[in-house]
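Consider the two complexes below, in which subunit A is the common component and subunit B and subunit C are the respective partners.
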Partner chain A sequence: MKRKGWFQVLRPLSPRARLTLGTLSFVLPIVIWCIVSYVPAVWHPQVRITDAGSTDYLQVDMRMDKAAFADAVKEAEDAQKDPPKGVPSNPIYLPAPHEVAEALYTAFITPPPTPDSPWLHQSLWHSIQVILWGFVISSIIGVPLGIICGTYAAFARLSEPFIEFFRYLPAPAFGALAVAILGIYDGPKITIIVIGTLFQQVLIIANTTRKLDVALVEAALTLGTKKLKLLTRVVIPGILPDLYRDQRILLGWAWTYLIVAELIGTSTGITWFITQQARYQHFANVYAAITMIGIIGLGTDIALALIGKRLFPWDRTLVKEA
Partner chain B sequence: MNKIVAPNTLPSYREQSSAVRARFTRLKQREVILKVDQLTKIFNDSNRSTLALNKISFETHRREFLCVVGPSGCGKSTLVRIIAGLEDHTSGDVLLDGKPVTEPGSDRGMVFQGYTLFPWLTVKKNVMFGLEVNGKYDAEQQALQWLELVGLVKFADSYPHQLSGGMKQRVAIVRALANQPRILLMDEPFGALDAQTRCRMQAHLLEIWRKIDITIVFITHDLEEAIFLADRILVLSAHPGEVQELIEVPVPHPRSSAQFISPEFLTTKARLEELIHKGPAEDEDDAGTYQMVTRLTDVTDDVD
Partner chain C sequence: MTCKTAIGAILGLSIFAAAAAQPASAAGLTIGYSDWPGWVAWQVAIDKGWLKEAGLDVTFEWFDYSASMDALTAGKIDADLMTNGDTLVTGAGGGKAIMIMLTDYSSGNDMIVAKPGIKSLKELKGKKIGIEVGLVEHLLLLDGLKKAGMAEKDVTLVNAKTNETPQVLASGQVDGIGAWQPVSGQAMKGVPGSRPVYTSAEAPGLIYDVLAVRPASLSSHKAEWMKVIQIWDRVVHYINDPKTQPDALKIMSARVGLTPETYKPLLKGTHLIDIAEAKKTFKKAEGLKSLYGSSSIADEFNVANAVYKEHQDINSYIDPSYTEGQK
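Right, the complex of A and B next:
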């Protein structure tokens, strides 16, 4: 039987196929975006006015629906006047790739609209700090609690049913409460991220801990390991690579709560930037900011994955993953 | 020279040469290390209870090599886990040096079938583990000496995943021995190894056992392995697990693979097979089904 090609069940790909497909996963969406943006026959439901002609209610660069534009042209022609001219165009909320690429650069060098509002990089840095604090506080509570729940069944039974209940409560629902308690600045934002992350964190890490091979614990027991040493010398080192992987996933989780969190109280950070730009209809900037979040998120994850490989040279699951 | 002997001309497995008899006399004069007395284990499920071990009694003397064999489901693994303290028993006593066993401890080392080396520690650190948790000095020095005993010094800084199965099990053995336990419990330790490696490991284990003061309780389902290694073989029956016989192996020491076809070896093996296959074992159910395989119509030639 031929055991090559892309459709082999549960078989790893060749390095070349991995690289090709990995690149394609980014290239394909961009190609689709380009087609929608640059091929006038695809979609383009509106017309961008290039010449108002004789009409007094149209202006250059104004966008309008194709049907309305056709009516305007017909009206002018019927009146024997100069008809307006225009090119097919997409709605303003879908800028072309080159506009977003340009915005990615110019957004950083454009000074803020008012002198006391932050530059884009300051907004981003503010967001990153909110995420990090939320994640660190969540981890300080969640990681030890998760490990203890996974190790001692009694602890798990005492806390997990309640946590299971609590994790279904949407974190943003606590926004108003958080503002009432912690004020309108970063306190409630960090709180939302903690609430969004912590409960999942405890359950995921408890499960990871429970997946540790019991035989390793038994081996340690027969070597004379007792109580607390069992936890510090067997359980924790044994789950460390998986714990690290969980933390990577949970950090991504924290990012998804960022926008909602930053809307609470006074809008700050990248969310403030996005809402500002959307208000002025600078949608290229909006996409640029969203892209920025993606780049930072993915970049952090890749960096953490590489660090993980260094930290845990014995870990076999990382070999499969990379 | 050994020669193959027809089964009906085999001597009784109870016949011992004078050297073997003298050896057993000396063995029994040594102090009793492990005494298992009327040991019973009942597993309680939610709706029914199963009698796994029923009134097991035996003794092992210092530096004895005891093998435990029995059909699958005889509870031999449960027995060794109870001795290790990993499982509690329902009634009876397990006494190590006269003291009852209640929990796992460093006086009973154990080697598992699945190696159970700590993957995050190097080979050397694995061997040091027991010494360190028990607060021993010069753990590193001792670990290296133990690794030398099994010829793995040059792998001291490797991780377990870089070793072959046989090497891993050697590390597991010295990791258990480094604690200098009174008794070494081995639960089918070579079961996952290929036939050649298993043979080498058996010889290697005997070599280690000769050199150090250790008593071994070795669980296996491989009868030849049991005869090759053991001074005495404890034969269990299944459902419930009960002691059928404690056989004194008449094969003289030192052991070598040439003895596999000696009369003493073959008669012991015949006796073990008789004991283990006499009950309503699963094998017999299987034997019936083999007869029922019908010849497929498109098979036109014979292989035998």
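Right, the complex of A and C next:
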């Protein structure tokens, strides 16, 4: 394939080019990360102490700025004492890829520290359940409401101005209120996800519904379709593929509320793991947990895209995308 | 037909969701605890099954500290482990709870850390200090300044979140910070050569940690709360006994995801209080030796810093009878 072929305006890529570029989009950031981590000349602004020498305030594995380290060495040498030794290193908040990979693996095989605390996979499953319930409850209300708003202008006018207002209220601000009403367990967490998702959902789905080809509705009316049947036989089937795609995007939206939701009430799920590890600066574990969320999110989305392709074989945009 | 099934499915789902949203928290007592050595100590009693052994139906729920206070204010837990000052703060905000027992006082874990080259609090005169205004570290700093013959106006306070103070100190834009462990330890690790110039070890009793119980639960479960205090005495002795301390350290460090060795210094900065000592601290007196004295200092501080407006009636927050009634 000619190089030029990649830069044609609004033309689909060949399957091979798609695969190459898709792989590269993951490989490139990882390569950059590797270079920054393993090639000391690139960044490594700090020094990790390997031998404290004669100094009394340094400890092995402590990290300090290069300049401060140079001062410490000079001070010791001037005093004819044993200078501290160290190797260049990155700040503690940027662990190397292999450290994160190792953390990812060990986090799963490490048994829970106390008998009453969950394994990591149980914590993850808990988080996934919170997300799913939040999304299901939001959809039960949001999808029908969105479709009705999109179909009938009167409904839209009655509800959308308020929803527009409400969607700007930050969901986490309802945390203490949700705890007061729903208790300390999963209730308030699910509520935060619903609040974060629902209002966007209504507006997005209403907009999708409005984009339905008017010709379809007119043809149905000409053929004498009644009001309710117009909704169930024309509008809903007409928007279904787009609705499905909206839901995929909104599910991702729900995930972004997970961390704030789980900070409310008792500490549970993957958030408990992340905040606890961050408090003691075990950043390799933090990155590992973030990676897990990414893998679960992307995995779900790819699965849903493939299912969508099966469900709506006539939908061009889906075929192009997956 | 399909319509009916769909409705049925939705109904089923919502009922299931509602059930999932409210896991069983039956008739038993619920206590909130969070990441502080004096509270993590309860893990020993939990893991050893001492609560069940005493016939108690008590559940400990793990929170972020501020979330635990929210839950107490909302009346969703029976009791919370807090500092005496914060008990007044939540009480002033409508979540009144009564301090019935002491777990510990901070003895070194809270500290003012100065950058390399500064060796005493006096040398911080005219300098900038990163601190979370209105919180315990602020109170600790004021206490230290007073002892050093200075006042708040002799230093410049830079309001910073306690969790972020390590970065604030490392940035070099302040000359000192105030934080508690493990944050203060991390700050010193991040800026080698920095050292504590004033710690809670020099002001024992400035910050007491307590078990505060909601009045309703207290009156209806008096016998149970008495037993809880008894178990605490057992915990303190188990942790302080050199023979059993390694096991206790193992349990406590596991709870927060550390190794026993790294947890030991954190425990050292916490002075656990057993029943015999608590009985003395529950005596009314001025000064930091008494919970009353310490709490009224905290009250003064809270009003002066507009944490709340009206002075709180300290006596109504403390019920010494539970600790005094122990054999």
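The rule is simple: the second predicted complex is superposed on the first by the 318 of 322 C-alpha atoms of A that agree within 3 Å, B and C clash if a C-alpha of one lies under 4 Å from a C-alpha of the other, contacts with A are read in each partner's own complex, and residues count from 1 in each chain.
FYI, a residue touches a chain if its C-beta (ideal position, glycine included) is under 8 Å from a C-beta of that chain, and two chains touch if they have at least 3 such contacts.
Quantities reported herein were computed from a predicted structural model and do not represent experimental measurements.
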Notebook entry, point to check: So, on subunit A, is it clash or fit between subunit B and subunit C?
Noted result: fit
Next item on the list: Quick one: classify A:R233 as touching subunit B (first), subunit C (second), both or neither.
Entry: first
Notebook entry, point to check: Which partner does A:G187 reach: the first (subunit B), the second (subunit C), both, or neither?
Noted result: second
Next item on the list: With the two complexes superposed on chain A, say which partner A:V202 touches: subunit B (first), subunit C (second), both, or neither.
Entry: neither
Notebook entry, point to check: Which holds for A:A68: it touches subunit B only (first), subunit C only (second), both, or neither?
Noted result: second
Notebook entry, point to check: Residues of subunit A touched: more by subunit B or subunit C?
Noted result: C
Item checked: Partner chain in contact with A:I270 - subunit B first, subunit C second, else both or neither -> neither
Notebook entry, point to check: In whole Å, how close do subunit B and subunit C get at the C-alpha level once superposed?
Noted result: 17
Checklist line | subunit A - residues contacting subunit C, complex | finding: 57-59, 62-64, 68, 72, 113-117, 129, 133, 136-137, 140, 175-176, 179-180, 182-187, 190, 263-267, 272, 275-277, 279-282
Note to self: Going by the contact rule set out above, which residues of subunit A touch subunit B in the complex?
What the structure shows: 213, 215-216, 218-226, 229, 233-234, 237-238, 240, 312-316
Item checked: Of all residues in subunit B, those that touch subunit A in their complex -> 84-86, 104-106, 108-110, 112, 114, 116, 118-121, 129-130, 133-134, 159-161, 172, 175-176, 179, 185
Margin query: Help me check something: in the complex, which residues belonging to subunit C touch subunit A?
Written below: 10, 13-14, 17, 20-23, 25, 30, 35, 43, 46-47, 61-64, 67, 70-71, 73-77, 116, 163, 182, 186, 189-193, 195, 251, 254-258
